[in-house]
Amino acid sequence: MTLLDGLSLLSIASGCFFFVAGSVGMLRLPDAFTRLHALTKADSAGLGLLVLGLGLQADSWWTVLRLLLIWLLVLLSSATTCHLIAQSALRRGAALRRGDNDE
Amino acid sequence: MTTGTLYALCGLGLFGIGLGGIILRTHLLHKIIATNVISSGVFLVLVALADRTRGGRPDPVPHAMVLTGIVVAISATALALGLLRRFYRETGRCRLPEPGSLAPGSLAPGSLERWSPERRSEGGDAEKGNAEKGNGEKGNAEKGNAEKGNAEKGNAEKGNGGEASGGKGDGCRTW
Amino acid sequence: MSWSMLLPLLVVASSLVPGCLIFLLREDRVRTRSVLNLAGAVLKVVLVAAMVWGVSQGETFQLSYPLLPGISFGLNAAPFSLLFVTLSAVLWLFTTIYAMGYLKGSPQRSRFFGFFSLCVSATAGIALAANLLTFLIFYEMLTLTTYPLVVHRGTEQALRGGRIYLAYTVLGGAILLLAIAWLQTTAGTLEFVEGGFAGSLAAPQHAALRWIFALLVVGFGIKAALVPLHSWLPQAMVAPAPVSALLHAVAVVKAGAFGIVRVIYDVFGVEFCIELGVTQPLAIAAAITILYGSLRALFQDNLKRRLAFSTISQVSYIVLGAAVLGPTATIGGTVHLVHQGIMKITLFFAAGNLAETLGVQKVSEMDGVGWRMPGTMASFTIAALGMIGLPPMAGFISKWYLASGALEAGQTWVVGVLLASSALNALYFLPILYAAWFHPPRADWPKSADRGRFETRLTLLLPPMATAAATLLAGLFAQLPFSPLDWARFIVAREYPP
Amino acid sequence: MPDLVIVAPILVPLVAGVVAYVAGRLRRGVAIAVAVLQLPLACGLAWEVLRRGPLHYEVGGWSAPLGIQLYADGLTALMICMASIVELAVGVYALGYFEWTERESQPSDHTPPGPSATGPAATGTTTSESAKRSRGGSFWPLSLLLAGSLNGLFLSGDIFNLYISLELLTLAAVGLIGLAASLDALAAALRYLLIAVVGSLFYLLGVSFLYSLYGTLDWQQLAMRFEFDFVSRCAIVLLVLGLLVKAALFPLHFWLPAAHGSAPSPASALLSGLVLKAAFFVILRLWFEVFPHPRLALAGQLLGGLGAAAILWGSLQAIRQRRLKLLVAYSSVAQIGYLFLVFALASDPAVAWNAWSGTAYFMLSHACAKSAAFLAVGSLQLAARGGEIEDVTGAAADHPVTVYAFALAGVGLMGLPPSGGFVAKWLLLRAALESHQVGLAIVMLAGGVLAVGYVFRVLGRAFAATDGAPQRPIPRLMQWTPLVLALVSVGLGLVALQPLELLRIGAPFAPSSSAQSAGLSEQAGLGEQAGLGEQAGLGEQAGANP
Amino acid sequence: MRGGRKTADRTENTDEGIRSKAYSHREVSTMSPVLWILDALFCASLLGLAWQTLRTRDLFKAIVLYIVFGLMMAMAWARLDAPDVALVEAAIGAGVTGVLLLSTLGTLSAARGEGSQRGGAFASAVPVAGLVTGLVGCLVGVLAVAVWQLPVESPGLSAAVEARQEESGTSNPVTAVLLNFRAYDTLLELTVLLLAVLGAEVLAGSEAAGSEAAEGGVAAQETAPRQETGPRQETGPRQETGPRQETGTRQGPDAQQERPPAADRDPVLRGFVRLVAPAMIVVAGYVLWIGGEAPGGAFPSGAVLAAMSFLLMLARAEEGPRLSRRGGRWILVAGLIVFWGVGIAMLAAERRFLEYPVPAAKGLVLLIEAVAAVSIAATLVALYRGGRLVRRPRRTVDSEFRS
């Protein structure tokens, strides 16, 4: 268990934690927008950590570059998708849940 | 119990679920999804069974077969969806009518045979779905195992007839 | 294709080809149609005459074309088939002339004459068939081509008659097909052999052969109008007169009777039939039909229906002749095939004339019609007397031979049947003759004066008179070399081993 | 390149289909040219098979288990000839048909749309020219691709390749049904597509079992390696069940009447005449040449029983129909029943040859007769402006040629002599009587009598006298094509010897040694003993050959 | 013919063969417990997804579940060491099928104006459902027993493929099988695609025309259901007043392009598309090229191209290249024409149909793959747009006549 392995284990574990957090967020949060928020943010971060962990294990820079490319692409697409879903939810009139304090 | 056998059983499960779905669900979109589920199931069985080759490298031929199968499945699905869209545009319904319950040959615009017999005969066709009443009870057990596939395919048509007779033109009332 | 193979085919084709050509003719091309018709008829008679002459000189005319492995389409000019084909050729000539006159100006004549000639080519094919399969081919063709003739007028009643006719004859065809397939399975061959080929089969086959014989008789019996299977015949009276004439005297009914006789002689052979013991029930059935037909004829007021029932009984004479075993009875039966044809066609021509010119359908309306249409009624009378069996006419000869044959074979009850039926014939024909000649004519008939010199169109008048003359000639000169009786004697001589 | 003759029947129509798809105005020309060209190709193949016995052709040069092999024996050649005859007739008929239906739906012809609320007639009676031309025009590429895939199926030696050909056929058939664009056509096309795809997937599942068991997709090698264990039996059941759905045997036939009844007439002729036979051909091939086994006799009896039920049910339904095309479609259900009798009859080796050759010949004569019937009915329907049987009243007066075409086709369907149908029925009857299955013989005859029932229901109306509105004139092409095709179907009865001779090559059963065929073998003189010997290694199993 | 090809098909067991790096060596028979649990969980989730897809009554939910099911299937293929199939399944099985389903759903629901479509309760009374499930269940049960009894080692053709690998011109065995050993199958498969397009065109035939004439808007005899359910499309300035229903991602693109006012074009989506489109073309090219050695090839690259064009359409970028209608058809059949061309060329060169000479095999395979990829992409797009690749509203005689 070299230092490298330890580090990658740590980052992969935290990545997974982020994914779990995102999922729990999606289940627990009240309305569409907050769920979108949770999903996009947590999963992107989780994936980043995962890519970092795998990058440490990679045997050549070429693989690391490809992993990063994957991460970049996922970032881009999830951001756009989140935006589009939010826009359609807005137009569809999903109830914007007021914050607890101004009830 | 190798990986191959596990996935093959899973494939058979999908095959069963899809087959049940296509027979029981009445909405055509459901039936088309069910068809895709069946094809995924069959492909899974095909590759899983062929995964157990000697020397550890998977057998490429089933992979090629599945690739071809997926493309064939997408073509069939696309055609089915085109048909569904056209059928919906003409009748405003998205369920298959009982065979014969449609006014015989009632014509959509631009159809080829420019006649509309229902101008002549009032009611719908007389043989209201009796084709499958006959084969409902004709459960013929093929040798060895119960190939019931065809028996229930027959009485499925009876099943979806009831639902389809809903009023026309009320859009795709589907629940 | 040597001449001896070509001739039978030509005989069949001589009415097939004009038939197909007539189909293509437009309705208004009357002259070409008549020419085609007559040319076909005359050519057929000439060809048949050539064939008869050839056979009498000992030539054999045979054609065989392999249809299936082991089964072939065969035509063969056996003496018995010649008798039938001569009858059909000659009578077709007269019927064509008659039909041209009868249907003058009516619609759909191209269709009528097309099917008419197809029908006769089917009859010729039946006559010349060399094996049971070819026989079946032409037999079914006969069914198909006569249906449009029966429903020619297209009225609802005609269609109903056609439906009944079709139901019976197609059922007969199916039974026949089963019998023939079964025979092929058991005996292995279907070729007609003089003296029959079934005799050579082993004993265990006999049970099957009895069943096959029964099926064959039922299959042919439908067309020969044996009693339980006869009810299509009166229904088919809705057809126009030339068709009824064709159906009764020449084609359909005769085909059935010819089939039964063919089966007895050339499939089973006479002795084997005795051995199987099947001829006795057949004779009984024929006898019942004879009596039943005559009885029903008594009560028919419509002239054509009366003639139809009389046909039912007359045809069974032929079957009776074949069923009663013994050379003379068979001669009687065979020669009756011709005589009944001539006499019956005369009756139908006369009935057609009455219906066409005077609109007389019913027997009760025939008072004094003799004076109004002497020619027609004279021929009617000659034929009627012949049917009853009075000496100078042809009918007498066949009944005479039948009776003497029955006596020789020791079956006296057959003589009783013959006498009873002759009496019944008299009972339903004589009143007509009496009414026609001795009752005062009714006033409302159109005067004959405005019809030119003769009582009706020549084409309608000549055929019945010609056939009536033939009845007389066949009766008087029975002993001449080429008379029907002599020909029948020649046939039977070959069937019965010396 | 002597083997070109085995690839050409697939290559020519498929390439022509692609060209027709792209070519706008040339579609008709290409289609007719190919239709005419196909007949000599088929005869060339038949001649080659007669001369050299069964032919093998490795596509791509790879030997059997790896590559795909094309295999042509007597049965294949006969089927391809059948397909080319029917396609030629349908192609010529379609020339007149589409030109006429387009002329009929000109803007000038403002026939008011049906009053029914269901048929939204928003676009009034006319659709833009491009749509109609494209629709009428789409028939040509579709029929060419159908022809190519059909020949591909007959020639294919690979069970997965059969799957793709079956799919090709299904999609082409659905496209053809969709051409009619009437409401029941759309519903029928949807139902047919779903059921056919499920059938193909059953078939594919069976293929996957066989592949995983025996490691080869070539059915001739499969035949050699095949053992009759539990898994193989399951594979057989799956294969056969999937194909039964597509061949519309009795309990699984409910999609057929609507599909064939509502398609445009040339399409229904192709569907009923040829596409149904493709699925049956595959079952025939698998049943007798890949997994023949004495223990399959019971399943054979079951299929035969279903066939008998199909004959009776189909005929009775046909008699009850009020619409012309449904009547002819239900008659297809009945005639398919005749085909399935072979599985019951051929289980007894003594009569197997009669039954098998009878069935093959039945496929040939039924294809011609049924297509002629559909074409004739199509013409009558368009002339009488109506699909009901009553609309045909008095048609014999106005359109004698078409009515006689239907009558002659009817003769073929009823199996009356001298038609090809009669010869086939005779062979089947002989097989039934020799193997003492009198029940099947009676059903066959009953089927014939019932067929008379429904054929003459139409003819009866046609011959009735009528004073109704004079019917529209039918273009000459649409009158004479059905007549010629019907004459071919009747003529098949007279020339039965040569096709049966062709069938003997590569047949799974040698002609039984009974008397009449003995006569044939010396007279045949063909080197068929050599052909049979060489082929014996490949095709025949111990059980199947006496 | 190549020497030695015709030797009997001996399945020789060459151990040394090229072990391409794409496949990690793994043992077949025994499964470590962890892997077994993972697989069991995976299969359970697959079955659960399938069951849920078909059970849920809301069609939109069913379609989304089906897309997830497609992605899970892709992972299953990866698990079964079938990367090529995984690629195609993800791209076509889940992606394009999902898009087609959603667009059809859009057409159906757009007409009713409500968001989601209910799937409808189970069809019929319980006894029939029970009977059906029972029958299907025992059918599957019997087949499961059959699968269970299958021998562990199946005599696959991998050894035979490996033996011929170098003659096939590609080192990826699946591409070798697809485009060389069983090239005839792939040829028929492209024909299947063409048939699907032809069928869609026939069905959409009058739809395009119908809708073109309908948009004339004036037709008097328009009956009620037509009016309300007619898909509201419009070309050119006239603004259709029908229920506008902008559903963002589930835009129901009909046979007609819609050209909503500029404001609607989503800046974020346009930016994303402008960024991603060139990348996707490069990826498609890479996948096509790598097909020779590693998983890839015509179908996945075609699917990627198709996905790109879907994105373009979603972002409602202007009409694609100014193609004529005829040009569209040529692209659709380009793959087939090249394939047939190569086949017939081989015939002309006295060889068997589709029998590539060994030196030229690699080039030919690549040529066929490249053109096939383009035409597969075009076909998938055409299927999405109702059978016609190029949809330009044509001023038909009727609409002039009408308006």
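Order as written gives the chain letters A, B, C, D and E; numbering starts at 1 within each chain.
Quick note on the criterion: contacts are C-beta pairs under 8 Å (C-beta built on N, C-alpha and C of every residue); 3 or more make two chains touch, one makes a residue touch a chain.
Everything numeric in this text was worked out from a predicted model, so none of it was measured.
Q: Common contacts of chain B and chain E?
A: Per touch definition, common to chain B and chain E: D.
Q: Mind listing the chains that sit against chain C and also against chain D?
A: Chains touching both chain C and chain D: none.
Q: Of all the other chains, whose mean CA position lies farthest from chain C?
A: With centres defined by C-alpha atoms, farthest from chain C sits A.
Q: Could you state the distance in Å from the CA-based centre of chain B to that of chain D?
A: 23
Q: Please work out the Cα centroid separation of chain A and chain D, and write it as a whole number of Å.
A: Distance between chain centres, rounded to whole Å: 58 Å.
Q: Approximately how many whole Å separate the CA-defined centres of chain A and chain E?
A: So the centre of chain A lies 28 Å away from the centre of chain E.
Q: Distance between chain D and chain E based on Cα centroids, please, to the nearest Å.
A: For chain D versus chain E, the centre distance works out to 31 Å.
Q: Could you list which residues of chain B touch at least two other chains?
A: Expected reply: 15, 19, 32, 45, 49-50, 52, 61-62, 65, 68, 72-73, 75-76, 79, 83-84, 86, 89, 92, 108-110, 145, 147, 149, 151, 168-169.
Q: When you check chain E against every other chain, which residues touch at least two of them?
A: As it turns out, chain E has residues touching two or more other chains at 142-143, 147, 150, 154, 156-157, 161, 182, 185, 189, 192, 195-196, 199, 203, 205-206, 209-210, 224-225, 229.
Q: Can you pull out the residues of chain A that are in contact with at least two other chains?
A: Nothing qualifies.
Q: On the basis of the stated criterion, which chains touch which? Give every pair.
A: Every pair of chains in contact is listed here: A-E, B-D, B-E, C-D, D-E.
Q: List the residues on chain E that touch chain B in their complex, please.
A: Per the touch definition, chain E meets chain B at residues 13, 15, 19, 23, 25-29, 31, 35-36, 39-40, 43, 46-47, 50-51, 53-54, 57, 59, 62-63, 66, 69-70, 73, 76-77, 79-82, 84-85, 88-89, 92-93, 96-97, 100-101, 104-105, 107-109, 111-112, 117-124, 128-129, 131-133, 135-140, 142-144, 147-148, 150, 152-154, 156-159, 161-162, 173-174, 176-178, 182, 185-186, 189, 192-193, 195-196, 199-200, 203-207, 209-210, 224-225, 229, 231, 299, 376, 380, 383, 386-387.
Q: Write out the stretch or stretches of chain D touching chain E in their complex.
A: Interface residues on the chain D side: 1, 3-4, 7, 11, 14-15, 17-18, 21-22, 24, 57-68, 107, 113, 117, 120-124, 126-131, 134-135, 138, 141-142, 145, 148-149, 152, 160-161, 164-165, 167-168, 171-172, 174-175, 178-179, 181, 186, 205, 209, 212-216, 230-231, 234-235, 238.
Q: Can you check the complex and tell me which residues of chain E touch chain A?
A: Spelled out, the residues of chain E in touch with chain A are 115, 246-250, 266, 268-269, 272, 275-276, 279.
Q: Give every residue of chain B touching chain E within the complex, in rising order.
A: Residue positions touching the partner: 1-10, 12-21, 23-27, 29-30, 32-34, 36-37, 40-41, 43-45, 47-68, 70-79, 81-86, 88-89, 92, 94-95, 108-110, 145-149, 151-152, 155-156, 158-160, 162-163, 168-169, 171-172, 174-175.
Q: Enumerate the contact residues on chain E facing chain D in the complex.
A: Chain E residues touching chain D: 1-2, 5-9, 11, 142-143, 145-147, 149-150, 154-157, 160-161, 164, 180-185, 188-189, 191-192, 194-196, 198-199, 201-203, 205-206, 208-210, 212-214, 219, 221-227, 229-230, 326, 329-330, 332-333, 336-337, 340, 343-344, 347, 350-356, 394, 396-398, 401.
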